[in-house]
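Could you have a look at this structure, given as structure tokens, before my questions?
Labels A, B, C, D, E and F are assigned to the chains in the order they are written; within every chain, residues are numbered from 1.
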Amino acid sequence: MRPSGRQLSEMRPVSIETGVTKHAEGSCMIRMGDTHVLCTATIEDRVPPFIKGSGLGWVTAEYGMLPRSTTSRMRREATAGKQGGRTVEIQRLIGRSLRAGVDRVALGEKQITVDCDVIQADGGTRCASITGGWVALKLAVNKLMKAGDVISDPLISPVAAVSCGIYAGQPVLDLDYPEDSEAGVDGNFIMLADGRLIEVQMSAEGATYSRAQMNELLDLAEKGVSELVAAQLAAVG
Amino acid sequence: MRPSGRQLSEMRPVSIETGVTKHAEGSCMIRMGDTHVLCTATIEDRVPPFIKGSGLGWVTAEYGMLPRSTTSRMRREATAGKQGGRTVEIQRLIGRSLRAGVDRVALGEKQITVDCDVIQADGGTRCASITGGWVALKLAVNKLMKAGDVISDPLISPVAAVSCGIYAGQPVLDLDYPEDSEAGVDGNFIMLADGRLIEVQMSAEGATYSRAQMNELLDLAEKGVSELVAAQLAAVG
Amino acid sequence: MRPSGRQLSEMRPVSIETGVTKHAEGSCMIRMGDTHVLCTATIEDRVPPFIKGSGLGWVTAEYGMLPRSTTSRMRREATAGKQGGRTVEIQRLIGRSLRAGVDRVALGEKQITVDCDVIQADGGTRCASITGGWVALKLAVNKLMKAGDVISDPLISPVAAVSCGIYAGQPVLDLDYPEDSEAGVDGNFIMLADGRLIEVQMSAEGATYSRAQMNELLDLAEKGVSELVAAQLAAVG
Amino acid sequence: MRPSGRQLSEMRPVSIETGVTKHAEGSCMIRMGDTHVLCTATIEDRVPPFIKGSGLGWVTAEYGMLPRSTTSRMRREATAGKQGGRTVEIQRLIGRSLRAGVDRVALGEKQITVDCDVIQADGGTRCASITGGWVALKLAVNKLMKAGDVISDPLISPVAAVSCGIYAGQPVLDLDYPEDSEAGVDGNFIMLADGRLIEVQMSAEGATYSRAQMNELLDLAEKGVSELVAAQLAAVG
Amino acid sequence: MRPSGRQLSEMRPVSIETGVTKHAEGSCMIRMGDTHVLCTATIEDRVPPFIKGSGLGWVTAEYGMLPRSTTSRMRREATAGKQGGRTVEIQRLIGRSLRAGVDRVALGEKQITVDCDVIQADGGTRCASITGGWVALKLAVNKLMKAGDVISDPLISPVAAVSCGIYAGQPVLDLDYPEDSEAGVDGNFIMLADGRLIEVQMSAEGATYSRAQMNELLDLAEKGVSELVAAQLAAVG
Amino acid sequence: MRPSGRQLSEMRPVSIETGVTKHAEGSCMIRMGDTHVLCTATIEDRVPPFIKGSGLGWVTAEYGMLPRSTTSRMRREATAGKQGGRTVEIQRLIGRSLRAGVDRVALGEKQITVDCDVIQADGGTRCASITGGWVALKLAVNKLMKAGDVISDPLISPVAAVSCGIYAGQPVLDLDYPEDSEAGVDGNFIMLADGRLIEVQMSAEGATYSRAQMNELLDLAEKGVSELVAAQLAAVG
């Protein structure tokens, strides 16, 4: 029933390749089916003004899509002169999600910026960015710990994200683009490794959903996140 | 336990005053406690390019805060040269939520723009904007129907929104600013009058929440929305 | 002869309601007929760089119109990415006019920002902004004096503004929008309570005027300003 | 008493050199003492959208200052990314003033853009721009008439502008920069050749003025404008 | 003598991997040592306004760097609100260079946009972009020819680019970043396969060079371009 | 054969008038035929952040064109909201070229900004800007030396620039606009007085050129630059 022939609760194949760029303190290419996102983590000694002197660290994120990561070419945001509303929403979500898994006292006054750049898009780029972004973040933190710049691990738990939605009347896990563009209800679930929730965003466009459906989607999301966490842990060794 | 002395499931007093500006096709001032939002609806005969010729209508929204609607003065976005990320997120949410209650075929090729301008802020401005925005929209649609420009009512159901969160370890309904700035978990629930969900956004910053808590928050939201819908229906007569 | 049936030298009904928003140090809603402007005053301890360390205070103003304050909806300036030329002109005029009534030595190194936001427009919004802006400024200054942060009153005199023009060949006082859009000659007179001039801006578009007419307009303006000053003094008690 | 040693009612030496650039349809360099402005007029067959098809013409103006036209270097507005508030005010004034002397029916559906670029500034640049701008406009119109593209002269009268102010307690004509930066009251008077008024802008900063002073300034302005009109007529032959 | 141990006239290892993204009409990843650039070509049926109706085609290019393609993180241009001067220069060069190898009559009224996004930078990104950009362009053109949308091959010849410079007093070929940041003289040579020149840009910063040196650099460039053309032809089969 | 009737190796008449504006530390109007550029040099005591404290000076340049310096009116860049790509390229080139002739240690921690504003354009404006810019720079440096603010002359040599190209199959020197708009190959050569090269930019659009032609163009450029240097030295006395 799904365009890809997948089961309702079946994820696309996930792979996470680490160390893909030589400059970043942490990096990976995450592939969820045909969605490919390059994630890099950059450590800086300065923090944003609003926490200067607090002893706390900060984790933030930026998101972008290459102009031809999509079926038809998108205008480059640097040419347009600003980031679009969708981009701003997504990068705020990535940053907030990753921070939920960080002990900012343990990190100390450092900022880690996670850049998520979509090389090829086929649905679910924000979830892939969070899941891959955590891997890049972890690798950068490992470098800090190895160098003794941080004593106790500031990462409380992996953070992973998966999309779910109602496609052709059925709850499905990990929507690809053909599903995403048809589904009247879809959203993202972001969780820690133990299934505790960080963020739920479930929205309908030209449709609505019941609490019972909401529960089915949460069940699917728990399954998906546990698989992603396994892939994350394998990647960071 | 709540700073305002309210019960956990108690809303702030709600009032919706209609017809507050003479130019707009629909307008109201919604007050949820000390949060006051002026909502106006504007009807135009043109639609966005991507639906031109489709026969479908469009409902969109814009959101703004007066510079001194807040405790300390905020920079005017027109001076800053762009709308901030938070503003963009909120106005996209308002538009998407209102559209979920609209039969766009019945509306026909018209655009209705709902402007939500915060006169005074004390938490929950986006929820007040959606709830008040629906009232302005309804009044504008009534004008269209009276004039015979629209035959069958394009508004399927009231759309209302309420915030919930976990404050001092307890689930609470309709957070005001003192609660909002302390709560580690909070979000917004947007529903039709019958309780079907349009959008759930529940996010944690420096905290997480369980599925059980998610369920308690959904219960609170259902109570809040039913009270708001009653106020909306009273306002539009 | 006037569309509203008013006498040539008759103002619209004026009301000034104070204390309309809980956060601002001073606030009022001024209504000149159907023109409604919300004015708030914000006190800050910092001054602009060019007077830092001089011991002098500063008063500045910003102006905006809600998108649907006008007959047809205007584009929101925050969306357009900048303030238009008309907005910039008006807010510079408001600031300059209010400063003419301020003893900046007595104020000391503080900045007061007066925000004038047009809720509903029917001509004469810049004059209403100056007249109402002075009331908000006065209320904020009263707060400073009560707290002992300022010793002697830095406000020398009320500052008020009124528009005049030549409509259908006749000099008229306080133009509303139907008159404003027809008048070939119109402008604004800003004065202290004793009638001394702060600013005269009288311009013609597709027309010209004689010195004799200029004098008649000045006579009207003096009458108008004296009525406005009475309303200001009543409002601030 | 004046820094330059001039009499109270004495203008600076004025010269208007025409035909200073080979591309423009009309051009001149106007020099009022050390204030030098290059004015060019460009004729285009298109008019702004709001008068398309009306049969009426349009005259508009733009104003700029070279970065080192001033005592210390100013930031280039093209680098700053926008025209400043002062620039916008001035170019709107130039356009409005020139249009007051134009019969837009006689011009027909053409647009003439007058560019006024300050090569060297020593006070009074906006007045020099209007006075020189009219000369460039006249030369362009002459070209249209010679070519038979316009039948009857659309220029009703010369338009000229002069600044006046109160310097060291005395009303003075044609302020230079040292006077301008000291004067508490100053402004601009724009008139037709016969002395009828187009625009009066008289503003005080940290001062006020009486009606009697206003009258003295108007007397000075009439004298100044008549001298400028003589120079304009000599220049256009 | 070179930091990499290369001979003066030795290029870095070059590889060109084609078909690296599924959406673009042509794509490759070019690697010149540690400089990696993703090039995609997009075919569109519309051409820029200035050649509409001319029957001629257009080839243009855009260039970007991922924020962490460099040793320390660069600010994202989309966040900065505009493309920097260096970016604008580079993308104009890429477009101009590629067009020199195109028969725009044979292409017909189509636009091909070549996007060059630097994944990892180690000097020479603009040359890699041109060389890889031609491969993406060729693959897109092949698709047009296969589909019969173009009859005769609009690509006259491969276009390739290489950097040369004077490092430690010696002329060297294909500078990497450590050389590039030290060299007082460096530049880019862009040629057709037969060695005819398209563009020479050789600039000194804090140094100068003689005609004899210019000739030595041209000799090196010819050697480098011939190796790059061999790699291009191998890649496009 | 050339539209102007000049010989292949004949420059346009060159004149350099110094001291043309009273505020700038150095200024000249350079005229190469009908191309007229006003060049001013401004000395400031601050340097850019990246060399603060280094003891080194900085020379930078900005470039602009008056809207009607061209055959048809160009949009003012301040109105467009940014400098175009061509402007950015040119001003970077001017700055880089002038710096090549500066001993930045001898200059000390000062910044000199050279503004080049095109009053009238007829091809070759960037070359005229460099040649005239050096004269303005030299005059400003002379002022510094006279005042004892600089001990040894920081200007190593004159810097001059000339355009060359292939027009109607023949190499020509100093292209004017009619030639420039036809030539398939053209570029700029920037040299010291002794003929050592600072920058070569030779590009083809819809054409290519051989090494033999490159050599002929270099010969022409050497001739042109030597004539320009003579004019520069005459101008600075």
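Annotations for the structure displayed:
Here is the rule we go by: a residue touches a chain if its C-beta (ideal position, glycine included) is under 8 Å from a C-beta of that chain, and two chains touch if they have at least 3 such contacts.
All of these numbers come straight from a predicted model, not from anything done at the bench.
Chains that touch both chain A and chain F are the following: E. Although chain A and chain E share one sequence, what matters here is the overlap of their interface residues, and that overlap exceeds half of the numbers used.
One simple way to say how far apart two chains are is to compare their mean CA positions; for chain B and chain E this gives 51 Å. Chain C and chain E, compared by their mean Cα positions, are separated by 59 Å. Mean C-alpha position of chain E lies 28 Å from that of chain F. The set of chain F residues touching two or more other chains comprises 82. Annotation: chains form a contact ring; the order from chain A, going to chain B first, is A, B, C, D, F, E.
Note for the complex: chain B touches chain A at residues 82, 85, 88-89, 92, 96, 99-100, 104, 187, 192, 195-211, 214, 218. Across the complex, chain D is touched by residues 21-24, 27, 34, 38, 40, 42, 44, 62, 64, 66-73, 76-83, 87, 113, 115, 117, 119-121 of chain F.
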